[in-house]
Amino acid sequence: MNLLEISKLTLRIGAFEALKGIDLSVRTGEIRALVGESGSGKSMTALSIMKLLPGGARTEGQIRFDGKDLLAASEAEMCRLRGNEIGMVFQEPMTALNPVKTIGEQVAEGIRLHTGATRAVAEEQTRAILDRVGLPAEKFPLSRYPHELSGGQRQRVVIAIACALKPRLLIADEPTTALDVVLQKQILELLQSLVDEERMGLLLISHDLAVVADMAHSITVLRHGEVMDNGETTEILTEQTHPYTRQLAQASMHVPERTPHHLTQTTPDGPLLAIRNLSRTYPGSRKGLFGRDPDFRAVDDVTFDIKPGQSTALVGRSGCGKSTLARMVLALDRPTQGQIHFAGRRIDKLTQNDLRPVRRNMQVVFQDPYSSFNPRHQAERLISEPLYLLDRELSDTERRDRVHRALERVGIPRADKHKYPHEFSGGQRQRLAIARAIITEPKLIVADEPVSALDVSIRAQILDLFADLNDRLGIAYLFITHDLAVARAITDTVMVMSEGKIVERGETEEILRQPRSEAGRALVKASPDLHKALARRIGEQG
Amino acid sequence: AKTDLVLGVVLEPPHLDPTAGAATAIGEIVYANVFEGLTRINAKGEVLPALAESWTISEDGKLYTFKLHKDVKFHDGTAFDAQDVKFSLDRARDEKSTNPQKPLFASIDTVEIVDPLTVKVTLKQPNGDFLYNMGWAAAVIVAPESADTNKEKPVGTGPFKVDNWAKGSQIVISKNPAYWGTPVALDKATFRIIPDPAAATAALLAGDVQAFPVFPSYEAVPQFQADPRFKVVIGTTEGETVLGMNNKKPPFDNLKVRQAIAHAIDRKTLIDGALFGLGTPIGSFFPPHHPAYIDLTGESAYDPALSKKLLAEAGHPDGFKTTLKLPPPVYARRGGEIIAAELREIGIEAEIIPVEWAQWLEQVFKGKDYDMTIVSHTEPNDLNIFARDNYYFNYDSPAFREVIKQIEATSDTTTRTGLYQQAQKILAADVPAAFLFQLPKTGIWDAKVEGLWENGPIPANDLTAVKWAE
Amino acid sequence: MLNYVSKRILIGILTLLAASIVVFIVLEIVPGDPARLMLGMNATEDAVQALQQQMGLDQPLLIRYFSWIGGLLVGDFGKSYTYSVPVLNLITERIAVSLPLALISLFLSTIIAIPVGLFSASRRGTMTDSGTMAIAQVGVAIPNFWFALLLVYVFAVSLRLVPAGGFPGWNAGVWAGLKSLILPSIALGLPQAAILARVTRSALLDVLGEDYIRTARAKGLTRRKVLYRHALRNALIPVLTILGLQFAFLLAGTIIIENVFYLPGLGRLVFQAITQRDLIVVEGVVMLLVATVILVNLLVDLSYALVDPRLRGRS
Amino acid sequence: MSAPTEWQANISKAFSNRSFVIGLTITALLALMAALSFVWTPYAVGSFDILGKLKPPSSAHWLGTDHFGRDILSMIMVGSRNSIAVALVSVIIGAGIGVPLGLWAAARGGLIDEALMRFNDLVFAFPALLSAVMITAVFGPGAVNAIIAIGIFNIPVFARVARGAALSLWPREYILAARASGKSSLLITIEHILPNMMNILVVQGTIQFSLGILAEAGLSYVGLGSQPPMPSWGRMLFEAQTMIGMAPHMALYPGLAIVITVLGLNLLGDGLRDVLDPKMRRERS
């Protein structure tokens, strides 16, 4: 008998059918991955099992846990099961813990609730489980509050809460999406070892095939609330019988075609962008009411060049200073020290007005396609905003021509120019952001994680677009990413950043194959890679 | 019977020294209870002996010899004698004096001590009102030892002494066992300060307060009249209420305009509306309860048609715009609303400007920066204000001044009555102000309480005769 | 910690200083002369001048300001023009009424509002919830002076359960004092309770939407336990903010209520002092109230740290 | 969040929101009543009928008459103009001064921001009614001075709200994009910041409006608000308080008018917030 057996589960929220009769099972000791694009219903599935759905949700079908029908179970029964037999880990470690309670209290709470243990006994167990997830009590006393821990550490506490009573089923809803690759790897390894030790069943939810390919025994692919594909990991990934699975897999491994000819192209004036000894110090943030952190050097003595048409990746772990550097390059933030030269001109001390000609040649694409646009303006007005930088006012026809050309280049029909941002999909919105960036025909685009918020299939399209623009228009990129696959796909050179410093730089292929710096090695090792995972698994099977 | 009483008063006195502040609230607490003068005024407005046992007046009316009571002691145990009288009168007349009623003492020339129980006061000219004036609260006798601290710790010769003053809340006085005169019936009296009319009503109804000698809300009176637990006494006051006009400022410098305004006001409506029917209409500046009173209301009877005609004759056929400054009391505010509405009928648009007392005194009284105002002149015997220089009415009539001068120099009652009537007629004809009504004194108290004043000849709550019926 | 508090205190002092200047200037241009007001209509001009001199009103503005401020620094609020007693005495007498009134109202509104908020939040979307909130919504809309009027007539005049108003003084006994504060506290406290209940409920609902609530539920805690153990404390910050504001409001905003119930409190003192042009009293009371507001704000800020460890800083 | 197409969505959403519908209905009725009072009232409010004073509600006077024999319904109708005018103008003053201040502080930060916050502290430190009393002591009571007194207190409220909203908008990526397009802070504020916080301002405006009505009533009740002959709800209550024993209708109806109006505006504000304020409809991802 399966530990968890979902059959024909349908979920309606109001008139909307979020799940359309899905089937899913998890055996004891099995790691079952549930993958699918954003909004496909993964979280809803998980919450249905816990019966923690939002108000107004109605379920039909069957969810059997250990033979018991959960949909028919009373709230009191569910309370007994939750945390005891079924544990759950959520996506956001930053918000999943109660900020006003110590981690000890929060872990012990579930233990005391279900076992009726005394405070002392519960504390003992708490210490043990926290030790198990890599938070030994000597270094991380139980009296710590969540805000005194880093994101990865908090996620360990969340896992400790879920696993404290050795539940038979563990549900992990995108447990690593909010973490950087290095932490992601650590957390996944932790989950794997916990499951192995206790022979739990694990339902691992992710939007990324590459992430789960390594550890899941079996995979269920979800799309629009329907199960697309389902089976053994190797089988599913090698055979890729289902077209959607194939699409997902290919998108994960997609590398755009590009001709690296721009590398050789040099101009007599030297580099397009030259950064010299750049630093940025943030004053220590006020720690609550009573103190101040010491000043913090987010960017520390950085020096590099970007040649015209050169596509450069800036990679590094979360918080290493990438965005700060990008903002200074864009003159949205002033450096504490050092110089920035753009097209031979020093720009870090210019006034807003003097910056106009510079800005015309340097545009930006941000991570979040949702918040990149003023929700009140139409596409045409949005993407023509940088035209403000031109020296002369354009005529209406000129302006329209420019908008049409930009839309064409990013592959959005002209007719859509009257739509509002919310009427576009995430991918389209990112195209719009790119259209806005290229409308003044700049020489450099700074792109801060431009694809990390996108689903894999859309990500592939956008990467193609970037590569294509680089080819056709000769735009240089400063491309910020934490995802090495992305860096590999469209850049010529890579810089690895760590704690505000550039620790390594060189040709993309070379560095990703053989990183020399500690930080580089950690990144490369931790990056999920569908190719490698597949190869490894096939090798295992012989 | 009970020997304690809680009385409600509307205003809290700023302090308790009647020789240093004009507030009627001071007199309402201390007059006759705590402080006494040479003479005193009774409920009917008559002058009686007080600290002066008796007096003689010289032929020419200029020399008053007062014989003082003996064995009188101040509350602090010091003895009262002629020294104190001289001190008090001289202090009030002094250049540095802050006595609010300095004109009362203006006629005094010298004060001499004959012996410890005899005082001789010489006047500059005869003054028919002198004995009356000496009965005012501002003329009480104080001791030199305590004069400067009377504001806080009043030390008088009266039958009560002040026990305790919880600022903003209440003042408690209790029987003075060492009192020289007839002992009082009450052991203790509490004056509770209740400025809010609604609260006053509630406090009486709830029995928190057993007497409200000057009840602040006319409209609640019928309710108490219907209730056998209470006795309601509508008495008179010295408050002639007038619509003052700025006699030097156009268009009020024109008699016809003033007459037009006077004829536009329906006193009955006014009294019904503003006082719930409780006031007495007046046609000149004189209290109706006074023996010399003559009813002149007919001179300015309600006649809007006549008003319009007068206005037209004065050159304002379509009326004009003006202002009406109203001090805080309810008779002024409500009366002002009604008068403004009535003036609108004859074409005069009077903008209502409510002012606080401080502003009223500053702007209207001192600055004469006003068109019209409503105010009640509550001082007794104050017909002479129309004869004063520079008074806020800006009224100037040599004839009237002459009459007042004669009144002041006369002590013969019949002559005085004639002069008073003459003065009333002059005012009714000249209309320096529109004369509205005599302010009533609405007293409400527990039906078992006896001896409170029915009328208010001067601001006082004389408790010397008050007692609970068995 | 000390650093922060001392900075706040410094800012508070600067605010007070600014307030003192504002108050002084505003009151300086208030028309009306205290001396003339005291002496009334029959006073002669020289009597008025003599009194002005006695009060020190004839001195130049700056000198008066500095002597006043100088006095404040050593705790001397000056002497009331009208009462001619030290302002400080007047204030302490009045605080003995206003402070208990404010505290009782605050207590009342808190013990009503928080349970009601909890109750409503825990039954979100039910008829009980909407019913309770509808009542609260009406409560917010009722002007407290109107409510006070209704209370007086029902409980004091018709039913005669409590005194209609007035304050016998604390020497008349604690119970007598408290009794006369019952209706005023209800009139002040209930509308505040309605506001507070709504804030509590919505703060709770905000918190109930947080991820950590889901974590707690996934641990197996029942809804009720989650509400008490996890949501309440997190919801306290907005509740505390409102409580702080309410206290300041209650202490000063009682002018109207004190009038309805003729309570000798601070509000009435200042109201009366303004009409009597007892400017030095007005200045003193305003400074005191401003100082209280600043102090309460500081205390509220400090209490945030008690509730929320994130604001406590590293130990 | 309110592009034209979304307006339709918002509107249909609004009309399925119970608070909004009730609030809007009450507010609309109030506005209608105020407008009607310009052309028609059952009786003229300027005409006194002292003999017919204090009459309880009857078919001739639906809500009875007051101490001057005026028709209370007519007084309430005309009084609504006063309440609306005072509250509205003080909101406009508050928003007109406060919002630019808040926006400026948010855009500039640093010293200006600090100065604004200290100014806010200063105004907030003064108990509101107390300052109103002082203001009216200086300028005398009256509707205009009530507006000033209430308006002054609206300034820091709006400044704070605008500043808070603007501060949360400035780090948005579309603002960064606009800055990368070289636009000045002023232009960005006008083009991007202000339109995107309109919702919050509208909601706050509704709240301040209802508070303004309460404040005006309170000021008039202590005699500092608008003056006769203009009828005002607060003053009607003030006059009624001494007559509540014999003419309770005089206190009842103006009080109810205040309660219903404030209730309506609060409901409208709540409804608007539910519909407009993006914070309230946080999307779970």
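Details
When the chains are written out, they are named A, B, C and D in that same order, and each has its own residue count from 1.
Criterion: a contact is a pair of C-beta atoms (placed from the backbone, for glycine too) under 8 Å apart; a residue touches a chain by one contact, two chains touch by 3 or more.
It should be emphasised that the depicted structure is a prediction, and the values quoted were computed from it without experimental measurement.
Shared contact partners of chain A and chain B are C, D.
Once the centre of each chain is set as its mean CA position, chain C and chain D turn out to be 23 Å apart. Chain A and chain C, compared by their mean Cα positions, are separated by 50 Å. Computed centre separation for the pair chain B/chain C is 39 angstrom, with centres defined by C-alpha atoms. Chain A and chain D have Cα centroids separated by 45 Å. The multi-chain contact residues of chain A, meaning those touching 2 or more other chains, do not exist; every residue touches at most one other chain. In chain C, the residues that reach two or more other chains under the touch definition are 31, 149, 153, 157, 259-260. Multi-chain contact residues of chain D (touching two or more other chains) are listed as 137, 241, 244-245. Contact between chains, using the touch rule, shows up for A-C, A-D, B-C, B-D, C-D. Looking at the complex, you find that chain B touches chain C at residues 12, 14-15, 20-23, 95-103, 151-152, 166-170, 192-196, 198-199, 202-203, 205-208, 328, 356-359, 361-363, 365-366, 377, 379. For chain A in complex with chain D, the touching residues are 38, 54, 327, 330, 332, 352, 355-356, 359, 362-364, 366-368, 371-378, 385-386, 388-389, 420, 422-423, 433, 436.
Those residues of chain A lying in contact with chain C across their complex are 50, 52, 55, 75-76, 79-84, 87-88, 90, 92, 95-101, 106, 109-110, 113-114, 145, 147-148, 158, 161-162, 287-291.
Across the complex, chain D meets chain A through its residues 1-3, 5-6, 172-174, 176-184, 191-192, 195-196, 284-285.
Within the complex, the chain D residues that touch chain B are 46-48, 50-51, 53, 67-68, 137, 140-141, 223, 227-229, 241-246.
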